[in-house]
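Chain lettering (A, B, C and D) follows the sequence in which the chains are written, and residue indices restart at 1 in each chain.
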Amino acid sequence: MIRLNCDYLEGCHPSILKKLTDTNLEQTPGYGTDHYCAEAADAIRKAFSCPESHVHFLVGGTQANMTVISAALRPYEGVLCADSGHINVHETGAIESTGHKCLALPAKDGRITASQVSVATAMQADDEHTVKPGMVYISMSTETGTVYNLSQLKDLYYTCKQLGLYLFIDGARLGYGLAAPTGDLTAADVAKYCDVFTVGGTKMGALFGEAVVINNPELNVRFRYMIKQKGGMLAKGRLLGIQFSALMENGLYFELGKKAVDQAMRIRTALMEAGFAFHVDSPTNQLFPIFTDDQWEKLEDAFALEFNGRIDEDHVVLRVCTSWCTPDEYVDQFIEMIKGL
Amino acid sequence: MIRLNCDYLEGCHPSILKKLTDTNLEQTPGYGTDHYCAEAADAIRKAFSCPESHVHFLVGGTQANMTVISAALRPYEGVLCADSGHINVHETGAIESTGHKCLALPAKDGRITASQVSVATAMQADDEHTVKPGMVYISMSTETGTVYNLSQLKDLYYTCKQLGLYLFIDGARLGYGLAAPTGDLTAADVAKYCDVFTVGGTKMGALFGEAVVINNPELNVRFRYMIKQKGGMLAKGRLLGIQFSALMENGLYFELGKKAVDQAMRIRTALMEAGFAFHVDSPTNQLFPIFTDDQWEKLEDAFALEFNGRIDEDHVVLRVCTSWCTPDEYVDQFIEMIKGL
Amino acid sequence: MIRLNCDYLEGCHPSILKKLTDTNLEQTPGYGTDHYCAEAADAIRKAFSCPESHVHFLVGGTQANMTVISAALRPYEGVLCADSGHINVHETGAIESTGHKCLALPAKDGRITASQVSVATAMQADDEHTVKPGMVYISMSTETGTVYNLSQLKDLYYTCKQLGLYLFIDGARLGYGLAAPTGDLTAADVAKYCDVFTVGGTKMGALFGEAVVINNPELNVRFRYMIKQKGGMLAKGRLLGIQFSALMENGLYFELGKKAVDQAMRIRTALMEAGFAFHVDSPTNQLFPIFTDDQWEKLEDAFALEFNGRIDEDHVVLRVCTSWCTPDEYVDQFIEMIKGL
Amino acid sequence: MIRLNCDYLEGCHPSILKKLTDTNLEQTPGYGTDHYCAEAADAIRKAFSCPESHVHFLVGGTQANMTVISAALRPYEGVLCADSGHINVHETGAIESTGHKCLALPAKDGRITASQVSVATAMQADDEHTVKPGMVYISMSTETGTVYNLSQLKDLYYTCKQLGLYLFIDGARLGYGLAAPTGDLTAADVAKYCDVFTVGGTKMGALFGEAVVINNPELNVRFRYMIKQKGGMLAKGRLLGIQFSALMENGLYFELGKKAVDQAMRIRTALMEAGFAFHVDSPTNQLFPIFTDDQWEKLEDAFALEFNGRIDEDHVVLRVCTSWCTPDEYVDQFIEMIKGL
C-alpha cells in the first residue's frame, strides 16, 4: 500500500536526523533559549528577508494558530477567515476555546478577498452587540491547494492596515505554496505583507515544528507567556532550533517544496491527459481530482488517498498529496494506475 | 561548564534515536493512530499493570495537565493542589486559561494530605457561591523532589472516591519518584490508586512526550477531542509511540530513573558529610541544599545550578539535579567541589 | 416622536410596579431563595404544563443563553443554530467567550429544520478534528418574527433525541410567538418538545428578567453554580420572582403577547392594503416591510423605526415593532402615515 | 423574625421606587444610551469629583468584577487580591472562568498592603513560566467591614503606578466604607487614587446596580463590548440610570451609608459594653462579634444573623449587618437582646 493521502506520513529529512544525532548529548538551556534556536531564527529572518522580525518555535499548527490569534485579539474581537479555513473547520474549536469567534467568509477555492474583508468590517461598524473583527487569517497554500498571488496578498494587507486589522498567514504548507508554478509570491513578499506568519515544518520535512514569525512588534509583547500558557513551550526547545536550522540550510526548505510540487504536477498532467476533472485545480502538492466510485474502489487497492467529499451519487473528490519525500516510483505507479482506469 | 540545573539538558537516550532512525521513512497514518502508538500503549499498560486503562500520548507537561484537568471538570469546578504544585506556580495560569481555579492547599515538602482534601471539600459544602472541588492534583515525585508513599496515596485515593473527586498524578518525574530509596510505591500502585496519571518522557530520556494513562473510563470520553482542541495532537504521532516503546522496552524507563537517583544520592551523601543542610531533604533526582552566597559564587564557576530561593541574607537554596544521562564524572567533579568549599 | 423600533422602550406593566411597591420593605433571603421566586416558578410550571421542570430566574437574555449553553456542553462541543440566530450575531461572541463554537446553519426566514440538524451532525461523524454538535438553539419567535409550528418543533425535538443533542428554545419573545395567528404551538407544546427554554420577561412587560425552564434534569445539575459564575445571580432575587408572579397571574403574559400581535397585525394589514412588500412576512409583533428611501425619510419625521438592511439602491427594510404596551393611538397614527406615503 | 444577616434584604429606597413609577411609560432608547443614564453618570462624576471619568452601569457585583478584570488583563496576567477578597472566595471562580488567575495575598483584617504588592510583583520578575500580575483588586469596605485609609490607598496606588499595575476598588459597600468613623477617605480620594472603581447600588438602597467608574481611559476602550459579551448590558438600561440618579440626588447615597454605620456603631457599643469580643473590629455596617453557642441559639430565636465561622468548640463568629433601611426599633431590640444574654 502506497500512501499519497497526506504530507506527514514519514519521519523527517535525513539531514535533520543527522543533526539531532550529532548534537544529542550536548547540554543546552531549555525552552528555546539555546543557541540552535537563535541560529534557526537568524536563518529564517535571512531566508524571508525580515531582519527585524521575531521568531518563535512551536510544536504544532493548531497550537501555533491558537497562540497567535489569542495573543492578538481583545476578548470581544474575532478573526475573519475563509469558511474552509483550518481554524474554522479542522481544529475542534481551538480558537473558540480561547474565547474568540471565527468570522467565516465564503471562500472561493480556499481564498478570501480584500473586498470581503472590507464589507465584513464595515457591517460591524462599531456596534457593541457584534463581534469586532480584529485579525484576518489566511492559509498559504490554502486548504484546497490554491495560492494567493502578490496582488491579492498586497490588497489584503493594505486593506487590513486601513481597517486596523492584523493579517496572519498560516504557512503550514508555505514551502509548497511558494513553489506553485502559477504563483508569483516570494518568501520576502510573505514576510513583507503580513503582521505574522508561520513557517510550517511538520508537513515540510521536519519531525514536527512551526516557526512563528512576528513582523509587527505589537504582537510580540510577552508572546513567550502566551506560548507557555497555551502549552506550546517545548522543554527541549533546541529540537526545534536544530530542525529549522537544517531546513533553512542552503535553501533546503524551498527545494523540498519544489520537489513535492513537481511530483504533484506530474500527477496533475497525467490526470488531465486521462480526462479527469478537478474539484479545485490547484498548483501545489495537494490535488483534488474527481473519480467515479468504481475508479475509487480500484485506486484503493493500491493507494491510500483521502476522501474529500461526494460530488453526486456516482462521483467523489479525493485528495492526492505529494510531499518532500514522495519517491519517483510512487508517482510513476500512480500515473500508471491512472492511465489504466 | 557542567550543567546540573535540570533534567532536560540533553537530547534523548540513544535507543530512542536509533529507533527513530530505523523507522524514519516508514509511512504511517497520523495523529497517534499508528501501530507504534498502539504498541507503546500496550507496553505502558503492562509496565503499570493496568490492562484496561486508556493511554494517550501528548507532547508536553503543561499541555497534558491542562488537557486532563479541563476534560475532567465542569465549568464551576476547581482542582485542589499543593500551593507549590506545578499547575499553581509554573504554568503561566494554563489551568485558569481553561476556566478553572487552582484551589491551593499549603503543602508540606511538596505534598498534600487526605485530611487537607477532606477539610477543603467540607468547607465548600454545596455552596454555589464558591468553586466546587472536582479533582485533586498531586505530583510524583513532587516539585521539591519528595515522594508519596503507599499509605499516603491510598489515603488520598479513598478520600477522593468518598468525596466524588478525581485523583490525578502528574508523573513528569514518575520514573525518578519510583526510584526513591525511601519510597514504597510500585508502578502498579500508581495506576491502581488514581483516576489518571502521566508517565513523563521529557525529563526521563525522551526527546519529548508525556503519556496520559486514564484508569477511570469516565475521563476517557472523547478525550481525543480535548487533545486536539488544546493543541496537543501531534500530526506525526508515531514519534511518541516510538519513544515510549523504546523507553518501556526491558524496563529502560525504570532503570534510567534508578540511575539518576543513585547519582543524586551520591551527591546527597557528600553534601551531608560535608555538613550542608537541605531546605527539603528529598530522595529523588532533585536535591535542595543550602549554600552561603560565597559558596554559590564558587560553585557557579564550574556548574550551572538552579537558584531556588533565598533563606536569609547570606544563604540560598540551590537545586542540584541529576538525570537519566548524568555521567559519573560530573558527579565526581561536583563531589570534589563540595569537599573543597 | 413615537417609538416603534423595539419592544423594550418602556418600564413595566403597572401590575408589576404595584407588586414591587407593595412588597418593597419586606425582608427576604437573597439569591432567589425567597418565596416569591418559589411562587413564580410554580406559576410558570402550571402555565406551561411542566410540573416537574426546574425554573431559574436570570436578569437578561444574553446572560441566560450563555449560562444555559455553557452548562450543557462539553468543552469540544458546539451549538447548532440559525446563522441569523441571536447567539450567532448579536451577543458579541458571548457563547464563544465561554469556549463554544456557534455552528451556524443557513436559516430560511429565521428558522432551521430537523433535516439541517441531521446533515450537520452526520457530517461531523465522530471526527475529533471538528467541533461536535451538542445542542440545537432555536428562537421562538425568531429574530425575523416568524414562528415554528408544532410539526416543525416535534421534528426538531425527536431528531435531537435521536442524535443525542439537547434542544434549547430561546423564548425572549415567547409570548409574542405563541400569539401568532398562523401558529399552532401551545405553551404546553413548548415545554414538552425541548430540553430547556426561556420565558422572556424583558420584552414582554417586565422591567427585566428571563425565566430558564429546564425540562431535562441532566441540565439542572448544579445549574445555580453556573448562574453565579456567569454573573447572573441577582442578590435581590425576589425582584424576579415578583415580576414573573405578576406576569403569570391570570394569564397576563399571554394576554400581553396577544395584544401586541393584534396591534402588529393591524399594521400588517394596512401595509398590505397600501401595497407594501415584506422582506419576511411575519405573524408576530415584529414586521419587516420594505420602503423606498424617500418613504423612510418621511416616516422618520414622526416615528423611530429600526433599520434592518438595504435591499437595493433605493429600498430598505425597516423593523416595525409593537409591544405589550403599544397604545391604539400609536398604531392609528402609524397606519394613517402609511396610507399617506 | 428580624433579619440583620445582610444588607440586601429589602427592595429599595422609596425615592427610587417613586422615580421608577413616575417614568414608567416614558419611551427611551435601550442599553444605557438614554438620558437617565447620562444624568446619573454626571451625578456620579460630580459626587466623586472625577469630571473626566467614564461611567457604565451594570446589574451586579460579580458581573462588574469579571467585566472590569477581564477588560483590563492580557491573557497571561492575573489579579492580585486579598485571600479573603470577594473575587477569590465568593464568586464561584468567575474571574478564572474568564481565563485569569486570582493571585491571593494573605490579608490582615481584609486588607492588603503596598508592600505585599511590591514583593509579589518582584517575585514574578519577567518569568514567562508564571502568571504576571496585571491588576490589584481591593474592596472598600472590605469583606470583613474594615476600610483603607488615605495613606494606605495612596501607597497602593503609587506602588501600582510604579509597577505598571492597574488598581481596582470594588465598592459594593463603598457608601458604608466612606462613612466609617475611623476612616479618612473622601469620595474624591477614591476616584483620585485608583484606575477604576465601582459604586455599589445593590447593598446601598437600589433594587440592583453597580456603577463602574473608569478613571484610566486605557480601561475604557470598547468597554461596552465587554459589558455586552459578559452578559451585563441591560436592555432597559434606564432602570440603572434612574436608580443612580435618585441615589446621588442631594447626597442620598452618602447619607444612607452614614445612617447604616451609625446603627452599626450603636450595636458595636452595646456589644463592647456587654463584654463581647470581635473577630475583626470593623467601623462600618458589618460587625463580627464572637458568641458562645448558647448565646447563638438564643439570638436565633429572634434574629437572622449570618454564621461566619467557628472560633473553637464553644464559640462562633456571627455577622451582624445593618443597612440603609435598618429601623431604629430593630437596633433597639437587638441591643436589648444583647444586654440579656
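Remarks
Basically, a contact is a pair of C-beta atoms (placed from the backbone, for glycine too) under 8 Å apart; a residue touches a chain by one contact, two chains touch by 3 or more.
Treat the numbers as computed from the prediction; the structure is a model and nothing was measured.
Listed by label, the chains touching chain A and chain C alike are B, D. Of all chains, the one whose CA centroid is most distant from that of chain B is C. For the pairs A-B and B-C, the larger set of C-beta contacts lies at A-B. Per-chain Cα centroids separate chain B from chain D by 42 Å. Per-chain Cα centroids separate chain B from chain C by 50 Å.
Note: centroid distance chain A to chain B, computed from Cα atoms, is 34 Å.
Shared interface positions of chain A, i.e. residues touching 2 or more other chains, are given as 75-76, 91-93, 97-99, 128-129, 225, 228-229, 233.
Remark: chain B residues 75-76, 78, 89-93, 96-102, 128-131 touch chain D in the complex. By the touch criterion given at the top, residues 2-3, 6, 8-12, 14, 17, 20-21, 23-30, 59-63, 66-67, 91-94, 97-98, 202-203, 207-208, 225, 228-236, 239, 325 of chain A touch chain B in their complex.
For chain C in complex with chain B, the touching residues are 70-71, 74-76, 98-99, 128-129, 132, 222, 224-229, 233.
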